[in-house]
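Here is the structure we will look at.
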Amino acid sequence: MKPTANVLLTGFDPFGGETINPSWEAVRALDGEIVAGRTIRAVQLPTVFGRSLTVLRAALKRFRPDVVICVGQAGGRPQLSLERVAINVDDARIPDNAGKQPVDRAIARDGPAAYFSTLPIKAMRAALADAGVPAEISQTAGTFVCNHVFYGLMHALAATPNVRGGFVHIPFLPAQAARHAGAPSLAQEDVTRALRVMLATALATRADRRIGGGATH
Amino acid sequence: MKPTANVLLTGFDPFGGETINPSWEAVRALDGEIVAGRTIRAVQLPTVFGRSLTVLRAALKRFRPDVVICVGQAGGRPQLSLERVAINVDDARIPDNAGKQPVDRAIARDGPAAYFSTLPIKAMRAALADAGVPAEISQTAGTFVCNHVFYGLMHALAATPNVRGGFVHIPFLPAQAARHAGAPSLAQEDVTRALRVMLATALATRADRRIGGGATH
Amino acid sequence: MKPTANVLLTGFDPFGGETINPSWEAVRALDGEIVAGRTIRAVQLPTVFGRSLTVLRAALKRFRPDVVICVGQAGGRPQLSLERVAINVDDARIPDNAGKQPVDRAIARDGPAAYFSTLPIKAMRAALADAGVPAEISQTAGTFVCNHVFYGLMHALAATPNVRGGFVHIPFLPAQAARHAGAPSLAQEDVTRALRVMLATALATRADRRIGGGATH
Amino acid sequence: MKPTANVLLTGFDPFGGETINPSWEAVRALDGEIVAGRTIRAVQLPTVFGRSLTVLRAALKRFRPDVVICVGQAGGRPQLSLERVAINVDDARIPDNAGKQPVDRAIARDGPAAYFSTLPIKAMRAALADAGVPAEISQTAGTFVCNHVFYGLMHALAATPNVRGGFVHIPFLPAQAARHAGAPSLAQEDVTRALRVMLATALATRADRRIGGGATH
């Protein structure tokens, strides 16, 4: 029998001069796959302030997932970054794909300063370590469209505490890094495999584990 | 006539195996100095979860400053970091000076997930650039005692919106960096000079300037 | 008909607390494979000053290759490093696998200060970029066993200018990076694929291409 | 009585879009100063392939120093870099101040592949650590005008082994780093003080100390 429950993965379209976005490559490879009795639904978000959230909210409404992982490219980061916190500010260093470049603008006027991920990020990182995928806890998702989507996701989920969500940043693909001197990368197969591990861990874990994952500064 | 208003600077005692803390060296050099009609009060905080905030709150009560800048060492960072946001979590990678090492513990049980700095950090960074001091906007103050103090400060100031405050991370001193392979540093004179610039800018600026200072991730 | 000519690849055994060495994993996957009419011979060298060169010289004698690429792990580097130059000094930051830790000792008393790689490293890097593998020209192979082997290789080949050789450093494997906070990695499949590209390019290229690959400092 | 012996320091003019070069600022502050019975002579070299060496050779002829330290800017490096080795190649990532950008060209057609510094770099680094100045041994001076001058210096000194020389890279000044996001810096006073320490150490040390200063890769 086909599962009736869903989990949602999102990735972005390419931005910043790239012709590919590793987040979309990684999540679309899982679209339709079954994990722990749920169907994985993969949705592409535009790298655009505002519109990305419109698409995300439509996907939440359509698929009614109980777990959501939004994924975004972090060119220059060497490992998977399990994001801890989304902050209520847009401050764009480069224009988004619609040419908008907001500075110090609140994402939700009535929203709190920040939301914490409701995914069990410490348990997920431990499971990734066991699976041989390099991953870190990150204390900032930046202030561009990735943080915008992460904050918007948590703002949307605030009313439904049984639906858990969060954000994961991923490195360039090797083929992208080949055009960026000194940039680290991670193969798409490793990211896709990591997403399976993270979804399974999230579905199997209610209270997160108490494992250190902080930063001294 | 001696000014009756105060501004408050705090620094920390040494931690993590260091015998000196550049934050305390930089702020104590300014104790008693007058800036824009205020007396600078420099107070040392212990690098200890909890007790640091007890000392900070006592200083707020005693000096009734209208601007507060807490300063902390960020060994490994190359420039001054004007911190944008404090988050409501302690997650210590190393023990504090009392041997405590909390993991994923809220700083204020009833507090919001985060507070933004109420200092005009963009104007301050622009003024520092004019003064030739390297400085950046930072999107994370970490999850150790520095973030703890930053969050506790903003939580304490939440009731008095006319009192503004924030946090600045500073690099190692050159003499510290000489014992850490590859570590960047900044001279104490430059940090002290930067603090004067930042205080003057904060006192002269009500609404912060809209200058980009974001991170793509 | 089986080819009678050989090319030689070497990798190292694990060192520095690791249980695996990505250089050996990458080259042994190619042992016996045919490339441009040559048989690839993969040989493991011990991560030991002196003995590594004894094993290397025996392999040169046995297989009489016309191209040699020695490969070594550079934990922390984000891309393949095509090494430009080997220098005549051992200065070990950590002990080798025999416990030896020489400081400022010449590799060959009678040898020149350095040897340049005789591989067409610029053409190889261009071919790797086309193949989507991130790679850089590196101006230093360090002063540990990797540089020792690179220098010893070029010293041994000095008498036979028709035999070309050089050294390539590679990142950690993802599973290694999972145990090193913040370390970049590259999948073994990408390294193995890169080695095929580099061998084919070396065999097809006599005079290297003039493409910039320098460092300002 | 005025000393009749000299030591020579060189710095460069600004390049790469900078309006100041910290190497010239640091060395010119010492011009005419006496150290261990020698007069310090400071000479500015143009950041130009070829012409820099013409000026350097003229200064060697004029001042007949017994110790020479050439100093150059390494924007992005966090500490003083005591260079170990100069290599016989120009490979310019950016044009020099005359617009020339050679690729893979020998500095001296008849010269060896490399020269080692004849300064006691290990003793100098130890003395800098005692003086509280952050410094490292560097295994590469790059392939731009700095390495060009370092190689040309050692090639010129090859005939006069009693004259010792070498190269030191230095970070940006704080005022430069203020215009480069994330760049480390070092105050001119610290660099000038370091040069005094390095000269005194070189003059007092014949055989260098055996202290580890290598790189694993």
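When the chains are written out, they are named A, B, C and D in that same order, and each has its own residue count from 1.
By our rule, a contact is a pair of C-beta atoms (placed from the backbone, for glycine too) under 8 Å apart; a residue touches a chain by one contact, two chains touch by 3 or more.
Every value quoted in this text rests on a predicted model; they were computed, and no experiment measured them.
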Starting at subunit B, how many touch steps does it take at minimum to reach subunit C?
-> 2
Counting only C-alpha atoms to place each centre, which chain is farthest from subunit A?
-> D
Separation of mean Cα positions, subunit D and subunit B [Å, integer] | 37
Per the C-alpha means, the centres of subunit C and subunit D lie apart by a whole-Å value of 31
When centres are defined as mean Cα positions, the distance from subunit A to subunit D in whole Å is 47
Which subunit B residues sit where two or more other chains touch them?
-> none
Graph class of chain-chain contacts, one of line, ring, star, complete, other | ring
Taking all chains into account, which pairs touch?
-> A-B, A-C, B-D, C-D
Using the touch rule from the top, collect the residues of subunit D that touch subunit B in their complex.
-> 78-79, 128-129, 131-136, 171, 174-175, 177-187, 189-190
Residue ranges of subunit D in contact with subunit C within the complex = 16, 72-77, 81, 84-85, 87, 89-94, 101, 103-104, 112-116, 122, 137, 139-144, 146, 169, 208, 210-217
